[in-house]
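Both complexes below contain chain A, partnered by chain B and then by chain C.
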Partner chain A sequence: MALLELKDLSLTIDEHKILQGISFDVEEGQIIGLIGPNGSGKTTLFNVISGFLKSSGGSITLGGEDISSLSPSLRAKRGIGRVFQNFGIFRDMTLEENILVALEALPKDQQKELGDLKEVVAGTLDMVGLSDSGKKKAGSLSGGQMRLLEIARTLKAGKGLFLLDEPTAGVSPKMTGQVADIIKELKRSGKTVLIIEHDLPFIGSICDEVVVLDVGKVVLQGTPAEVKESKELKEIYFGADPTT
Partner chain B sequence: MTQLIINGLIAGSLAALIAGGLALVYGVLGVFNMALGQMALIGGYCTWWLHQIVGLSLPLSIIGGLTIAAFVSWIAFEIFINPFYKRHRFLPLVTTIALSMILDGLILLFFEEKPRAIMPGVRHSIEVFGARISIEQIVLISFTIMLMMVLAYVLHSTAFGRKVRAVVQHDHAAMSLGIRAPLLHRFLFIMSGVLAGLGGIYLGIDQNLTPVFAFPITIKAYAAIIAGGKGNIWGAIVCAYLIAILEQLVVGVHWFGSFYVPAGYQQTVALLFIILFLLFKPAGMFSTKTRSA
Partner chain C sequence: MDFIWHIIAITCMTIPHALAYNLVFGKGKILHFGPIGVSLVASYAVVIIAISTGSFIAATLVGLISVVLLSLFLAWLSLRLDQDAFGVMTIAVHLSILAVILNWNGLTRGALGIPGVPRFSFLSSVQSFAIAAAVVSLLFVIALRLIDRSSFGRQLQALAEHEWHAKSLGINRTKVHVIAFLVAGLGALATALLFPQYLAFLHPNDYQYPFLVFFITIIVAGNPGSVYGVLLSTILLTVLKEALRFLPLSSAVMGPVRLILFGIIMLAVVYWRRDTLFPKQRSI
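And now, the complex of A and B:
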């Protein structure tokens, strides 16, 4: 059974069809890349999966449970972790508080399993090389550091499925390598990830499968090599070749 | 001068209670509640009614007044805010103006235009640095400062407070961590109504309650949160005190020889604060520079 199943998912806002008949499965331990031109509905699909937008039709199943009608916070409690395109960190809170608030939002039994939360916070910051900045406000970090903090926090708080929305956007080339290493570590540890990214070589290097969206529909799905070679992908990004 | 500053601290404590609660709500929901002054008066008038008419003791009357303020805030949220604020953040501006008119009518209907004092009678005053201050005013200022310290502890040193601050700063990220932001939205709105109600009780103990106080209370609270910076509760509280002290100084000091500003212009200080900050420092006095990426 797939961890996440999207069946005939659609979203209509003011008679505009934003998403149409989206169906695909994400198996446990898979990393699926979601690509497509700007406005194709990638972030909107993430908003529907995480509950910030209510779908107009279809269903979302997580671990066999239909979560279509659940609120974003209940979906998070079911194990969906999210990294936002526009940095979902709490800028006026310290780095330590950013991690701590995520741990404190976990159910009590999970908090007990983690042990001393202050030690977990220290370990999490150490994992991303920010242990010296624990008392600093998160808003003072560089884009790359903010992204590392957000990913580290999501990894500690989420447990089933991770939605990463352009994790390398707004990050310097040097820090992009560090972000990529963490995502590759996720893959090695068998985590399930759905990732939106414009960097196609990066997507090709980490994903098991790629789903291509265009004008709110799934137009292509396959391994990174299959998608890379397909004529449809070139047409979506560059338009149809007039010589053929 | 000392008397003017003490008067400013007294008025500032009242404004700080209301502006502190409003800063939390404005930071979280981003909506304008134009009925805030009326909500403050509801708390004050209901306490007056319970104490002076029903005959309950002052502590019980205050608890009753705050309970009614909480109930009115909850009803206001469910009818005038919740159905609208997600569609457009300016819609509650209109709906709460309607609410303020309804509450104005109800206040006139039930409590009339006469001045109402929760504790009428002679005040026992003491002299502090040459200025007169009543025992009641000392209690009210001390209570406000204690309440602010408790609020600071809850917001910065408890798990609940961290969740509130997370929702204020990025409610989608907070929800994606499992924090129930809509429940906190409702709770904070009711808390803001309770703090406003407390402000109304403060006013009713220190002075007389009259329906015309509602609009100046609302404007002063907004001036404090605009000057303090969006969602910055401590900025709002400091600015509430600052505006109240400036109001006293503007009309109380003979600035150029015999020239003085007429008392009727006292309320314009808050309006000037709003205009000047929106023109020259729209992010507020205590905004900190954070990197956008």
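And now, the complex of A and C:
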């Protein structure tokens, strides 16, 4: 059984069909890349999976349970971890508080399993090389640091399914490698990852499979190599290729 | 000397409600403009029951129940409505409560107010009021500091900064709002138990719109969300308000002068804090 099953998801807002019959499965431990032109519905699909938007049709199953009618916070408690395009870090809070608030939002039994939360906080800061900055406001971090912190926090909070929305956006080229490393770390820890990215080589280097969206539909699905070679991808991004 | 005690009494009677309201409006950044409406309900419930039954226990209990019900209603509204709609709605709630109190003459004596508010036996002098209010204030300062640094405080702050980001961590917005509004309601109740007794008179004019302006000025000037900041601004602004009495002005002029002064203070601090007062909700 797949960890996440999307069946015929659709979303219509004001007669505007934003998602149309999206279906695909995500196996446990897989890293799936979600690509597509601007406005193709990638972020919207994440919003539907994490519960901020209610789909107009279809179902979402996580670990065998239909979660379609659950609130975002209940879905988070079921193990969905979201990393936002514009950084889900609270800039007016310190780094420590940013991590702590995520741990404290976990169900009580999961908190117990983590043991001493202070130590988990220290471990998370250590993981991203920010041990000395725990008392600083998160607003003082660079984009790359915020992204690393956000991913590390989600990992330490024990989430099973990661939804990463353009994790390299707003990150300096120098730190992109570190972001890639931490995503590979997710894979090593057996996490399941859905990742939206525009950077195709980046996607190619970390994903097991790629799903291509265009105007709210899945138009292509396959290994990175298959997708890269396909005629459809070029058509979507560059229009029909006149040489073929 | 009595004047000093009077200032201490007035200030310390304002502190519980101001600090508790700061949790919702300052830290939670929830546009709740109805705290004076909650005060009205609390004060009238306590005073009417105290007079009709002669029992302070019954009065406190009924006050508590009415404050809890109203706070739950406000929390429910805050979850249902957008920020701006909620802001307008809470002003409407305040004004509706005021309208009911002004017109339900049989129960509230309307615009005449209720004289002869009975006092707790240990509250016989200005001094005793000041000390009792100071003790209550101290308890509120301690409690709100603890709340501020608790996991609840962090969850409230996270929701204030970005609702979606907070929810995606698993934070339960309903629970957080209900707790925040209940704490604010308890602050209103604490103030309601002391203030009308101190004046020995409960009058709807003490719960008009200008008092909302005063409250908001306190929060904004004290740095929204900060317990010590709001404590300090409550002290300074209450002292200022009371000191204005010494100006050689007729009472007809005094009201507007006060209002204009606090309007100017509020305008100045809002302008000064315009970048940090309400965070821009970033897109996702």
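In this section, the second predicted complex is superposed on the first by the 241 of 244 C-alpha atoms of A that agree within 3 Å, B and C clash if a C-alpha of one lies under 4 Å from a C-alpha of the other, contacts with A are read in each partner's own complex, and residues count from 1 in each chain.
Throughout what follows, a contact is a pair of C-beta atoms (placed from the backbone, for glycine too) under 8 Å apart; a residue touches a chain by one contact, two chains touch by 3 or more.
Predicted, not measured: the structure shown is a model, and the values here were computed from it.
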Original post:
Given the superposition on chain A, are chain B and chain C in a clash or a fit?
Top reply: clash
**OP:** Check whether A:Thr43 is in contact with chain B, with chain C, with both or with neither, and answer first, second, both or neither.
**Re:** second
Original post:
Where does A:Gln85 make contact in the superposed view: on chain B (first), on chain C (second), on both, or on neither?
Top reply: second
Original post:
Just chain B (first), just chain C (second), both, or neither: which does A:Gly143 touch?
Top reply: first
Original post:
Which partner does A:Phe52 reach: the first (chain B), the second (chain C), both, or neither?
Top reply: both
**OP:** Considering only touches as defined above, state whether A:Gln20 meets chain B (first), chain C (second), both or neither.
**Re:** neither
Original post:
Regarding the shared-chain residue A:Ala76, is it in contact with chain B (first), chain C (second), both, or neither?
Top reply: both
**OP:** Go through the superposed model and pick first if A:Gly170 touches only chain B, second if only chain C, both, or neither.
**Re:** first
Original post:
Given the touch rule stated above, what does A:Leu100 touch, chain B (first), chain C (second), both, or neither?
Top reply: both
**OP:** Kindly classify A:Ser68 by the partners it touches after superposition: chain B alone (first), chain C alone (second), both, or neither?
**Re:** neither
**OP:** Please write out, lowest number first, the residues of chain A touched by both chain B and chain C across the two complexes.
**Re:** 50, 52, 71-74, 76-77, 80-82, 84, 87-93, 97, 100-102, 104-106, 157
Subject >> Parts of chain B lying in touch with chain A, wherever the complex brings them together >> reply: 159, 162-163, 165-166, 169-170, 172-182, 288, 290-291, 293
**OP:** Would you tell me which residues of chain A are touching chain B in their complex?
**Re:** 50-52, 71-74, 76-77, 80-82, 84, 87-93, 97, 100-102, 104-106, 137, 139-143, 146, 150, 153-154, 157, 170
Original post:
chain C touches which residues of chain A in the complex?
Top reply: 43, 47, 50, 52, 71-74, 76-77, 80-82, 84-93, 97, 100-102, 104-107, 157, 165
**OP:** Please name which positions on chain C make contact with chain A in the complex.
**Re:** 151, 154-155, 157-158, 161-162, 164-173, 279, 282-284
